[in-house]
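Same chain, two partners: chain A is paired with chain B first, then with chain C.
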Partner chain A sequence: MTTEDTIKKIIAEALEVDVEKITDDLAINGIPEWNSIGNLAIINALEDKLDISFPIDDLFELTSVEGIVEEIAKLEKENA
Partner chain B sequence: MTCQLTTNHVKVVGVGACAPRFAEENMRLPIFADPSEAEKVVQSTGIERRHMVSPGTTASDLSVKAIGRLLEDLSWDIRTVDCLFYVCTSRDYIAPQTSCILQDRLGMRNDSFVMDLPLGCSGWVYGMSVVTSMMQTGFLKRGLLVAAETNTLNRSMKDRTVRPLFGDAGTVTALKFDPSWNHPNNFVFGVDGSGAEAIMAKFGGMRHPTTVDALQEREVEPGVVRKGTDMAVHGMDVFGFAIKRPPQSLKELAATFKIDMDSIDFLYLHQANFFIDEKIRKAFKIPPEKVPYCIRDYGNVTCASIPLTMATQDKAALSGRLNHCVACGFGVGLAWASMEFHLDRIHSSGVVDYES
Partner chain C sequence: MPEHSPILSAIQRHAAETPHAVALISAVKERVTYAALYEKIVQAAAFLQSHGLRKGDRIALSARTELDFIYVYFAAHLLDVVDVVVDANANPKKLAYILDLTKPRLAFGFETEVCVSLKYDQIDYGKRLESADGQSMAADDTADIVFTTGTTGLPKGVMLSHFNIFSSADNINGFIGNTEHEVEVLGLPLCHSFGLGRLRCTLIKGATMVLVGSFANLKLFFNAMDEFHATGFGMVPAVWAYIRKFSGTRISKFAGQLKYIEIGSAAMPIDSKKELCELFPNTRICMHYGLTEASRSAFMEFHENMDRLNTIGKPVSAKVDIRIFDENGRILPDGEQGEICVKGNMVTKSYYRPEENANAFFGDYFRTGDVGYRDTDGNFYLAGRRKELINVGGKKVSPQEVEDAVCSLGVEDCICVGMEDPNGILGEVPKVYIVKNGTDMPFDEIRRKLAPLLEDYKIPAAFDWIDEIPKTSSGKKQRLSLRNP
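Presenting the complex of A and B:
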């Protein structure tokens, strides 16, 4: 199972910010780098690095650290 | 309940386009803090460059060139064209409508039907519904659907949320009434005006006229400087719309008209973002070769994106065989529409350069 720390690291790399900035309660527009384009960069990076594909119906849930962690846990459970 | 339409006996015979020669490379834009930010935007949107007019060149100027080339290729005398529909929001004047100007510039007959349709990204599909409806009774035998836009003229060059996305192009789709053509054009439509502000140029109309204040540049946030008359795009609102409505609309079209999406030859999606379009493609399990793109080299050209894709991609397939096609346009309004249609050995004039 992918850890929360791994997810935060991928988000930080996608946004090109220090991982310390990716707090548990961070969401889109919480920092300048996480705008709509940044959000697409995060989704791209997570799909690429974790070899997963988010269903289109779930994409709008992927706008916060919490939502992303939950979605990945759900996908991994479905694929287990 | 589905808002649907079927039109008959009107077929597309050709498509052509015109784009400014000058192209701006996204990787070299000065509005980005550094090359890595530019790279991130290119990777997230799929847009590497966009063609741009110079101020003073209008969408109708691009259209005249595209129309001229296509009519020449089809050996159509402009005086045999009975109707012209001009899909565009960056029109020449508030009044009169640009299609009247085009009637004169092109040399169309006085006894012809022309109309502006000021729609955005859904405009080509809506335009097809209007032109085929008007022509299907056979009184209007030849028609032109023009879809053109000079997006870059009302987007701020100092707004990093819109400058890398939009480009300019003029396109024309030629149609003819043919009583023996038995492939119907099937449509479904949708609109949600509560999302109007997601993509909006607030000042310059009658609700908020252009004032001196509206022409002042303001910094909305770092890297986003624009005037009240500039188009503002609220990224997340548009993102939420783009991942929800187009797939729903395509599912509605397929269910309403019993379309086997596996059997189609081409799916033409409005091209605002490569990543989102790819998500839609994968959701319908359509192979990549059936979903052509021109977004990498032209950006989001709003209503012109679907016909520009036809004019630039898969020329051999479009000119050599019967193609079962589906298209979906979605954007400003918010409005969306999907259609099923066939393209049978159509002529493509490609893209004419415009030196402005």
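Presenting the complex of A and C:
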């Protein structure tokens, strides 16, 4: 199971910001770096590094760090 | 009466005739009627006046969705004060250059040491506007100075008059067929030309604009479309790629209510155009071709051009003329390739620095730098670019600026060109070729060190080695020879 800290680290790297900025309640547009290009970078990085694939219907719902963490837990459970 | 500003005159007319019509809905769902909008503009003008601002002075302002930005932007026009709209997230060096050049008296919405900088909540709307007697104001006076990417990397200030910006909005509304019944959701930032242009189109018609300010959170955008029964929106091709990746074809549920979509700022793949036609069979899907100096010069509607989706269309209105010129300034016949040049009511008269006007015009025709031709039916086609700017999702990147930044890290020499975005979102992205043995630094390190020097979208997506940089006999880099190899 991928830990929350790992996910936050990947998000921080994708946005090129300090991991301290990636709080649970951080959402799209919450920091200037998390714009549409940043969002794309996050999804690409998570899919690449965690070897997962987000279904399109779920991607639409992923608007916060908390949501992303929950989604990855769900996907890993389904694939277990 | 703000007779010198046809846009303000239109807003004032709507305030008198349809005072309760909603002009703006903010990101936090605050509704502003036309009566309230005009009142706020007058009050904001009084505030600017209380700071000593008068005709010809300049203010700098930035915003994504703030209502106060709109009040101050038009308040400046009311006083014939010039707006310099900037993106506060731009490269600090570029921003400093713009502010140094234009010397604003006040700045709103961002921090600067060049002049007094105010937050929007510091505006006092309780002041009374004094008559500006003795100051003649005319529609030809400069309303906005808009900065566009120059080939050298230094931005060029484009002066647009009150008449220019009104004419552009009027041309667009005429082509698209907009009415006062429109409700448009704006996902584009207000501080960019496309977003600000859409705002002007909406307000001169007496229609409604919902300010969302970003497409990043599509759920928010779609909710606004649903809640306010949107009839239209504007986007760049990169946004369409983003919408498709993050929401599939979910947006087609709005096909019944969307009367128009305006697209522009970059090329769009033909397959995307066909798909849009299928998803929105009854929507006017209008794509513009233009540039800051000659906003929305040409338009084409997808459904009407299914057999030639690669055209950039025809002049936007009868008040605009487009011709193909050879390099000596002679008009070429149909079918022959040359430089696309534009004359019309929205074309700038001058750059801010007059020396930049050299070679910018053939008579009244502005030289776009793009190569194209016209067919016998009057449709124009792009055939290439004379200028070497890279178009990253609608944002223009000067290759020289990127090369200068790379070389400032100690790299001997390099050449920057556009390549197809491997993610299929942005259209083009910058790629840098570094001359072999020109550095010991790994590409990753160069990329990391560029972060504080360049905006995100200018940082090369790829690096490669090159034996020798292709140059002309006079030593000019031949970037187009390496494009999309």
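By our rule, the second predicted complex is superposed on the first by the 80 of 80 C-alpha atoms of A that agree within 3 Å, B and C clash if a C-alpha of one lies under 4 Å from a C-alpha of the other, contacts with A are read in each partner's own complex, and residues count from 1 in each chain.
One rule holds in what follows: a contact is a pair of C-beta atoms (placed from the backbone, for glycine too) under 8 Å apart; a residue touches a chain by one contact, two chains touch by 3 or more.
These numbers were taken from a predicted model, which means no experiment stands behind them.
Trainee: Taking chain A as the common reference, can chain B and chain C both be placed on it without clashing, or not? Answer clash or fit.
Mentor: clash
Trainee: Once the shared chain is lined up, is A:20 touching chain B (first), chain C (second), both, or neither of them?
Mentor: The answer is neither, since A:20 touches no partner chain.
Trainee: Between chain B and chain C, whom does A:63 touch in the aligned arrangement: first, second, both, or neither?
Mentor: both
Trainee: Of the partners chain B and chain C, which touch A:53 in the superposed model: first, second, both, neither?
Mentor: A:53 sits against chain B, while chain C stays out of touch.
Trainee: Report for A:34: first if it touches chain B alone, second if chain C alone, otherwise both or neither.
Mentor: So A:34 only meets chain C here.
Trainee: Counting only touches as set out at the top, which of chain B and chain C does A:78 meet: first, second, both, neither?
Mentor: Touch status of A:78: no partner.
Trainee: Common interface residues of chain A with chain B and chain C?
Mentor: Correct list for chain A: 16, 28-29, 32, 35-40, 43-44, 56-57, 59-60, 63.
Trainee: Under the stated contact criterion, what part of chain A meets chain C in this complex?
Mentor: Of all residues in chain A, those touching chain C are 16, 27-29, 32-40, 43-44, 56-57, 59-61, 63.
Trainee: Any idea which chain C residues touch chain A in the complex?
Mentor: Going through chain C, the ones touching chain A are 89, 213-220, 238-239, 242, 245-248, 250, 393, 423, 425-426, 451, 456-457.
Trainee: Using the touch definition up top, name the residues of chain B that touch chain A in the complex.
Mentor: Within the complex, chain B touches chain A at residues 36-37, 40-41, 43-45, 161, 221-222, 235-236, 238-240, 243-244, 247, 273, 275, 279-280, 282-283.
Trainee: Under the definition above, what is the set of chain A residues touching chain B in their complex?
Mentor: Residues 14, 16, 28-29, 32, 35-41, 43-44, 53, 55-57, 59-60, 63 of chain A touch chain B in their complex.
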